[in-house]
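Here it is, the structure in full.
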Amino acid sequence: MAVHIHPTALVNSKKIGDDTRIWAFVNILEHAEIGGACNICDHCFIENNVTIGNRVTIKTNVSLWDGVRIADDVFVGPAVVFSNDLRPRSKNYKPVVETHLQQGCSIGAGSILLAGIRIGKYAMTGIGSVVTRDVPDYALVYGNPARQHGWVDESGEKLTADGNGFWNSPSGIKFRETINGLERV
Amino acid sequence: MAVHIHPTALVNSKKIGDDTRIWAFVNILEHAEIGGACNICDHCFIENNVTIGNRVTIKTNVSLWDGVRIADDVFVGPAVVFSNDLRPRSKNYKPVVETHLQQGCSIGAGSILLAGIRIGKYAMTGIGSVVTRDVPDYALVYGNPARQHGWVDESGEKLTADGNGFWNSPSGIKFRETINGLERV
Amino acid sequence: MAVHIHPTALVNSKKIGDDTRIWAFVNILEHAEIGGACNICDHCFIENNVTIGNRVTIKTNVSLWDGVRIADDVFVGPAVVFSNDLRPRSKNYKPVVETHLQQGCSIGAGSILLAGIRIGKYAMTGIGSVVTRDVPDYALVYGNPARQHGWVDESGEKLTADGNGFWNSPSGIKFRETINGLERV
């Protein structure tokens, strides 16, 4: 299936995968790369040096700046805010600081991400999080600044410790700790 | 007086009351219900399963998702963020979690509301509040997470305790505590 | 060089300086005054009683309300939120409360500013700041509510105390304390 582009959207990129939908009043610059089966909702702005994987959801009012890298299956909630300059001044242009969202993570509504951080696989930031440091794989963080408040599985369900160093999801999946957070056993 | 719709706005709903004004670059889906004498400001997005009462103000950059219920006389500040899924994952669609804004309440600029909460009558959230639990009638809350810092009257003026279990507004209105917060005596 | 206006932008003001660029889906009302060499990015809304100096950057999704005063060389990050009413209620119109951004200051991505505050010269608010009081010249603030966490120079570099009551930038500029914050010696 072709790319679906709302008549009011401005889409200059040719590198958009099949079955992706671009909604109203979106502006996508020429060199952005977007995978297939994505949803880019109203009033988003996507700059040139941006890559987005497959099956990604970008809700309304999100701007993706040069240096944002989004892997497959990521959820970016409404009004999430990215940045690519740690000390911005008007007319003071510097090399961009990259931000990485890894596979399957979810950025909660209204979260704000400091330039340069990495959000781990299947991690989740709660609504209104101000994320100022890397988030481990499968971690749940929230607050300003965001702190870790547990672990979640691929469905977003909270994990519980089994007392033997493992973490279990409600559906019975077992995880162990790694240097990057958790991983499935 | 008729509905006033800016030429750039996309309005598919027919259920909009008299004298409501829809401003530039707004997108309103077909089944949304909006009362009369409302103001829907620039760059808002309103999904289908949304109901809005009369004399409601929705400032700029607000997205109202399926499940948002807004009563009469409510003020929703600029860049207020709603959500309808407590554990969002891309492409993982669940029944929506409803959020209720009761009569006359005000949601301060940039506040973020967790899916499922109820904002009480004439309650007020300060700017940048991250609201994660229900807010009582006439309560003033702010912070991340939002905590209660007093009570306000219908004009937004702070109330003072009279020492006999009642609360008084600067204009002399007396309130008493109820299971839902305050109410006028 | 003339003003550059994107074809989708709505610009009713005639008071815009040379070499200013207005990007997509922006709406600028008739009486707004904007200096030269500014950048007003996608999805911004600028009301009538607004003044903006020269070489100012306004990133995406920013609404500037009546009463906002922005001096030269200011950076306003994406999704920054202004307000002009301390106790908003729907349909309750009051005189606007002015907010002043002084020369060269930077408002970090997603910061929210309480109506009536002054951001000092070359001050900087970190991402997601909720700014509820005046910020001194050259101060660095962040958090909710925003607190001061040091001083920065015109480039945004942090200053260090020299033990004799002065503050030094990495590039060797010396500052002293004043009633408004810092100033260059």
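Note that the chains are named A, B and C in the order they appear, and that numbering of residues resets to 1 at the start of each chain.
Please note the rule applied: a contact is a pair of C-beta atoms (placed from the backbone, for glycine too) under 8 Å apart; a residue touches a chain by one contact, two chains touch by 3 or more.
Bear in mind that the values here come from a model prediction, so they are computed numbers and not experimental data.
K.L.:
What rotation angle, rounded to the nearest 5 degrees, superposes the C-alpha atoms of chain B onto those of its identical copy chain C?
P.N.:
120
K.L.:
Suppose you list every residue number at the chain A-chain B interface; are over half of them used by both chains (same) or under half (different)?
P.N.:
The interface of chain A with chain B is built from mostly unshared positions.
K.L.:
Starting from the mean Cα coordinates of chain A and chain B, work out the distance between those two points in Å.
P.N.:
Inter-chain centre distance comes to 27 Å.
K.L.:
What parts of chain A, by residue number, touch at least two of the other chains?
P.N.:
Residues 25, 43, 61, 79, 110, 144 of chain A each touch two or more of the other chains.
K.L.:
Applying the document's contact rule, which stretches of chain C touch chain A when the two form their complex?
P.N.:
Chain C reaches chain A through residues 8, 23-25, 37, 41-43, 55-57, 59-61, 73-75, 77-79, 104, 106, 108-110, 124, 127-128, 143-144, 152, 154-157.
K.L.:
List the residues on chain C that touch chain B in their complex, please.
P.N.:
On the chain C side, the touching residues are 10, 25, 27, 43, 45, 61, 63, 65, 79, 81-83, 86-92, 112-114, 130, 132, 144-145.
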